[in-house]
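Order of writing sets the chain letters: A, B, C and D. Residues in each chain are counted from 1.
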Amino acid sequence: MLDPRLQIPDGVAKSSVNYVVPFYDTDAMAIVHHANYVRYLELARVRFLQEHDQAYTLYVEQGFHVVVMRVDIQLKRPTRFDERLEVICWLERVRSASLAFGYQIRNGEFLTATGMTEHGVVNMQGKATRMPEARRIRLQSLLAP
Amino acid sequence: MLDPRLQIPDGVAKSSVNYVVPFYDTDAMAIVHHANYVRYLELARVRFLQEHDQAYTLYVEQGFHVVVMRVDIQLKRPTRFDERLEVICWLERVRSASLAFGYQIRNGEFLTATGMTEHGVVNMQGKATRMPEARRIRLQSLLAP
Amino acid sequence: MLDPRLQIPDGVAKSSVNYVVPFYDTDAMAIVHHANYVRYLELARVRFLQEHDQAYTLYVEQGFHVVVMRVDIQLKRPTRFDERLEVICWLERVRSASLAFGYQIRNGEFLTATGMTEHGVVNMQGKATRMPEARRIRLQSLLAP
Amino acid sequence: MLDPRLQIPDGVAKSSVNYVVPFYDTDAMAIVHHANYVRYLELARVRFLQEHDQAYTLYVEQGFHVVVMRVDIQLKRPTRFDERLEVICWLERVRSASLAFGYQIRNGEFLTATGMTEHGVVNMQGKATRMPEARRIRLQSLLAP
């Protein structure tokens, strides 16, 4: 099955963060341990919300968390200490109580990984809840046209 | 789409590890940060190879690594500090240069997460390679009948 | 200056945990990354409180946290993937609003590391506070005679 | 005993890195887990070598590693998600086979932590070794006058 994130959708809002790989992210194969890529996705997702919607701390102040319900990463090539990655994030789906993001991780001209995450909106007690209408409308405006 | 790992295949070889959640695995939502579940899968996979095939250190001595090419985790419910998880691992697919594992993470009677990982076999220079015939035959004998 | 934790004080209450080093704790030198030893100390400290005083979750229910104010680790030899460490913890000092622990990390017959941590007692707002009298008396009974 | 790193020595060469605290560095107390500060020191130390001596990857190419033998961190105040830390690093001591660094971690106008690390020079087999003369002379020129 073709990886649907080899192409970033035309016209979609996106954000990217640069990340120089620290020594502590490497493992005994001398490459980045795969669990760390999950963290890199979070960096880009937090940046996306901050740049296009609102800071994640505001979500929390407004009484809800956006929890991870699924994370799927496909690794194309290894990364080594001190290499500079670019992590690109965009919205793939927005519903009243859930959303999904797509990702590419690039290393110069090379594609290092693609990823997707699915999220549920929960209140401070961890119960699934709907996000405020204004929030959902704003997020839906960021999807690919 | 139904999560195909809600049921562990009948008759498949499996291994499980117990893991009491340390404080350092929690995040500011007071639950296990999702990136840590990727590590829990590794614990169970390493145990599986050791119990059913050979210790991972022997793979390395024989000149190859089993690298992660994909990890896909579906989180069903959160986990808190000091809770005891059981991580169950089984083989889903074995080819000459790749393999895939399925996982369940359970918390007492509850299903916490399901997962799958895909792996490539590489030599010490990181190049894709076939695993030795004996290895492949052994691993294939562990699949669901 | 002689490392004061080369000898565990006679007659002191102590706890130990076993920890088999997972692959994800290694770095590109193929040894355990030093930041992970700080986590190993926490495992032994949590075990110590549970075995000799009360579970850390009870401290939290009673309205206080024991926060880390200092951590000092001396590394004697490296540790590799799949090696089994024993982390030993004992109390070094107990005051009404602070306490200190000593540690040894052993690998079979070898001493891998020694450590110490200092802690302050804080309430749920993060303010320094005294621990309940009963708590302090119990903890002081665990010191070396 | 007064913390000797409350003041950065006059005239010493130093480097600093900025680090915005990611969500994954927080713990269930909603503050940065203390083990992560050890990693922040590494970021600043790697930057120091790169800016004032040579990139750490060059050390490795020249056949040696600079391993951590001690890490001592004093935490003054907690840090929360999304706060911006500045990690400042300087050399405290240089001998032919060992060196030591001092650190401050600052959060705006506040001192968050101080730290020190001691290091040994080892070859690719992990044996203690002397660093090349040119390296030692260069590093000693960076000490406080």
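One rule holds for everything that comes next: a residue touches a chain if its C-beta (ideal position, glycine included) is under 8 Å from a C-beta of that chain, and two chains touch if they have at least 3 such contacts.
Just so you know, these numbers come straight off a predicted model, no measurement behind them.
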Chains touching both chain A and chain B: C, D
Selected pair, greater C-beta contact count between C-D and A-D: C-D
Chain located farthest away, centre of chain D as origin (C-alpha): B
Centre distance in Å when chain B and chain D are each reduced to the mean of their C-alpha atoms: 35
Interchain centroid distance [CA atoms averaged], chain A/chain D, Å: 30
Distance between chain centroids, defined by C-alpha means - chain C, chain D (Å): 23
Residue numbers of chain A (touch at least two other chains): 23-24, 31, 35, 39, 42, 81
Chain-level touch network, classified as line, ring, star, complete or other: complete
Contact footprint of chain C on chain B as seen in their complex: 22-24, 39, 42-43, 46, 55-57, 81-82
For the chain A and chain C complex, residues of the former touching the latter: 23-24, 26-28, 30-31, 33, 35, 80-81
Chain D-touching residues of chain C, taken from the complex the two chains share: 29, 31, 34-36, 38-39, 42, 65, 67-75, 78, 126
